[in-house]
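What follows is a short report on a single structure.
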């Protein structure tokens, strides 16, 4: 038995109308993904403030993924378009600072895409696990 | 008969997305050389889409297209049939010994008024 | 105004009129045509294939020449115009093609900077039909003239951008500027057969006759064209009304036709 | 170095004060040293003549001061704006941060301002005075008997070396000659960093940001940072300022600082100018500007009043966040 | 500090099978604020709910965390439970430990661990919850219908029938729209006027309906239930209330050669005119661009012959401001211009016409009194060619055509072809088609009848070129099935022009902050489930402004839109979603970033005076969110640099508390 097997901490922001429902569908269909993923429900992906993402990293998250409705399908018509621009800019900046680009991701998951949700989470966890612990952005001061 | 390799070659040379065709037939409706052709513009597009390239390569239709681009301009889907015809023709005449027009043929064609333009154009189209 | 001028093979041989009257008329309108030194034949037709490079080099050289001179590039022959404009467009929109082409360029690269004008476009956009109208000495009033565009001037429209490809007016406006009546007929933008005369003269005959008949049925007494091959096909296939180059008509209206004959 | 003189500025300001066009003047006042120039409000011709200075060290971007000063001034306030300042001016107007009617803008030409650190690098510490004559600068120090003459061009600030525009995009009147928008190489340094490996970039920024003392000068000088209450000062924001416990926390602050001004930053360079630790903070802003230009088309904040900033806009065809990297990788 | 109760549900074995529910309840006991924690087999059952209610009373709870299935399942249930126990329903948070935990994880250890973390996050959030009350706003019980075609007419009649006043704004001098121009309607072939004009009369006579004809909407402010609309009544130089519509002025007007819009320019009308006999309102209108009196003060004949004294050359445009609770857009469609399709020679020959022109040509009230005659020479055409899809399904020609299928052309062309063959059996009728699309009740049967019973020649293929020559139109086309190129000498060619939204729709959409697609059709709130509502609350869609549709579809959509309006107007007050944005005016910069990203136009700005600590006052521009319009997406909260803008129920601090709880 491996005692010290590394388990990443993944925060997933899911929009209420598509991706959170997609995650529920993955549950309904019993499509497994690692328990490392913890979902936070937001009304729309555009509610996700870059501050929340940095906060998660600062407090020890190893990866942050944002899931929203597919472009064009936003419940609020345009929210995910703003998400797309904001996150493109933010992720590019994190990369510019030398943060591993695989730690952040935006994925569009509809309410019907339970399988995609599970597959996305499996893939993301795998990628982040390969990177190991997030040292670069975490704020050690906040670690217990 | 489906020749995948030739199909890809034609698509590459022409740059045409044949799957955009919605079978309206406007290319063939507008073609001024229609009656001379065994395979008509819409058939070029459809046959390339189906990978039936050999019959086209061996058809005289290749040399009947006037390159007037009416089919290109009038196609509602932006398919550009003339480019497909040209790509198939080039594939045919680029083969060794397959020039369609030879220098020896010229004297029979020309008269006193024949413009140089006719000859250079014909050579471009029929000879490699 | 000085422009770079690409005459083309036929204009120095079987279509000397087209060239000569172009020169004379331009002069009368205050435009100097500066012929490219050592121009090379455009090849008559544009090869649409993506992988053809060598056949387009002469056009690129002509374009580069005009850019170096910082002048617009003007052509008269429809075919040259079509080939050069399409080549320019290919350089502008296909970076792979531009890259390949530039490997053949000796002095500096060419990236699609040139502006290409057909002589008619030059009259419309650089000289202005209004000014042309003022310069007319021998008005052609009362003449019923049909413009024959053929295919090369207008198509493909996405590249040529000369006029509405289905309802062009540039030549009609030209005819009107010279004082004559323009006869509009549907077949003015249909192909005469072009180079098919070498392969299947019957096709050229059928197409040309349909064009002539349509023009006549709509009342034309004369047909003008910008293409030597169009003229050849129409004349050769039974045109029983005069078919002349547009530059000849222009020279006549501007009163410079006679002195050239001497 | 500057073509416009103190006297010309005083003359203009005095005239405008005298004919009641304006009731106060925002200008540069003498600080402790010649290079230590302080933005000051002047209310009369006398005050101007006494305290107004103008030199190669008048780099401060006055646009931001208008947020508070324009409202505080009884009548109109006169402000002298260099070309780069006018972009900030427009951006602030776009964001309704002050009343345009309350401001009278005199655009002044700028030959580039000096970086005191560059002067010190040549002449050492203990500078007593700095004079200017044509392209030369005369520096007297405690330790040199003779004044040292240096070439003004050699001590130009980084932002002026990479000046993006000599054109005023907002003014009521202009003094001197109007210039043009300039093709600058301001993104070269960003591109150089982009070309590094992530580890190299991390090392670079760790080195730079670990010097940060969280004095907030960058934020306080920034004409885009005019919030009534900054999130980092707000105890209710959840991210209130704390003294830095380690070299990592600065990232959160600096990323958010740059992010908050992304699409609004005019690249005036005040952040780096005022940083006492000489951290090249403008590179973070330029990274956003460069990305925005590449992803969504060229955009210069403040070029026109009323522009819609790229991050509060979208098209349905925008690239995906994941494609940001695909693009760069395929370019490389 | 809240007093939080935690309730962990087993959901039978659904949760308890993979999550140690007792351990979860135990672990959460020590979280801040938690004063009670328990587990139960079925929390959603009556017994489970009673357990919660009792605990609220017993432990004086102020907040509830239920660790159970997805909030999408039972959040509403537990909110009701909380309300029944006297708590604010928004003091409930759900930790989703079924769909997002027990069902997707197999290992009891990690499942339990995750469930605890999700519970902690919910506790952290509920600690920051505040009671929320949905906002209320009154409803103005009047509807506005923009557009007076069949869509607008039907919507207005249905709304009025329910007892609500409704105004129709129509930019033309009469209501009736495109349907008034049609001859017969498919698939029943009843005459359009016979079924439309009675409805127009109903509108005119209904005392709940006001018609603003020759008018347009110029400004819209406000929000659902409370729109303030400005309507511009263009001067028609005739007093509407006095004019009897006798037509004496029309007969006497000397300016008789103005192209008649109603007949698409195929005949002429005078400068003063009534568009058609059954116009509503039946009053005359003076065309100011044609009237000699208005242009240069000479004439005045109409005023002389008008016994009622209705002519008023001094009339001015009039602006009317009115309040509405709901707005219905019914701006309709137009055929696209055929200018750029001259391979069909539309500009070259009068005998190449559009289908709408064909309608007028066969209409008994049309320019040829219903006789099918060639416009060029008035002769009877013997060969007629119909061309389908002109400008429709045209992907490559964005400059001139439309990428979509215009939907109605297949059926009206079948109708035209059939009627022609019926009335003139000596006529050869060809229809060139790409596909014949006839889904709809009795539609395909109708098309087949045209072929089988009336002998219409349907040819699969497109027309490539039309050459007018002499009296003939030489049609060159392809017959794809016969693999032939056809050459037909036709006498008349009819082009089925694509249809597009009316040009007035785009500026109107801006006024309404209603979204449009790239083709300028209005978008629905949901393409399947909310097809007659715009995403902007209180704005509804009727007819072809939303997409191409035929009359039956338009009428049913008009009725649907009306029922949505009635549903809205029947309410005295509107209750909103309480999870809306709100701006902290003390730290708002007034920078407008939030308004830029708001898809609903819910944010406005006002100048507000603030008392400063030094007793001076300062006026600052601040954002104000209209809670009745805000839908709670949160786009504004992220764009606000100072954090002044926050979202109730999903506040910055709440989400950060969740992040912290998860990352601890």
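Here the chain labels run A, B, C, D and E in written order, and each chain numbers its own residues starting at 1.
Keep in mind that, in the parts below, a residue touches a chain if its C-beta (ideal position, glycine included) is under 8 Å from a C-beta of that chain, and two chains touch if they have at least 3 such contacts.
Computed from a prediction, not measured in an experiment: that's the story for all the values here.
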item	value
Separation of chain B from chain A in steps, with touching chains one step apart	2
Pair with more cross-chain C-beta pairs in contact, given C-E and A-E	A-E
Most central chain, judged by mean C-alpha position against the global CA mean	E
Most distant chain from chain D by Cα centroid	B
Chain A-chain E separation of Cα centroids, rounded to whole Å	35
Chain centre separation in whole Å, for chain E relative to chain B (CA means)	48
Centroid distance [mean C-alpha coordinates] between chain D and chain B, Å	62
Contacts with 2+ other chains: residues of chain A	50-51, 55, 78, 82, 86
Per-residue multi-chain contacts in chain C, two or more chains	166, 190
Of all residues in chain D, the ones touching two or more other chains	231, 238-239, 311-313
Chains grouped in pairs wherever the two touch, ordered by label	A-D, A-E, B-C, B-E, C-E, D-E
Contact footprint of chain E on chain B as seen in their complex	20, 22-31, 34-35, 40, 42-43, 70, 74-79
Chain A residues touching chain E - in the complex, by the definition given at the top	9, 11, 16, 20-21, 23-24, 26-28, 30-35, 38-44, 46-52, 55-56, 59-61, 75-79, 82, 86, 118, 144
Residues of chain E defined as touching chain B within the complex	343, 389, 393-397, 401, 434, 460-465, 476-480, 483, 485
Interfacial residue positions of chain C with respect to chain B in the complex	8-10, 13-15, 41, 43-45, 47-52, 55, 77, 79, 151, 154-157, 165-166, 190-191, 193-200, 202-203, 207, 227-229, 231-232, 235-236
Chain E residues touching chain C - in the complex, by the definition given at the top	339-343, 345, 347-348, 465-470, 474
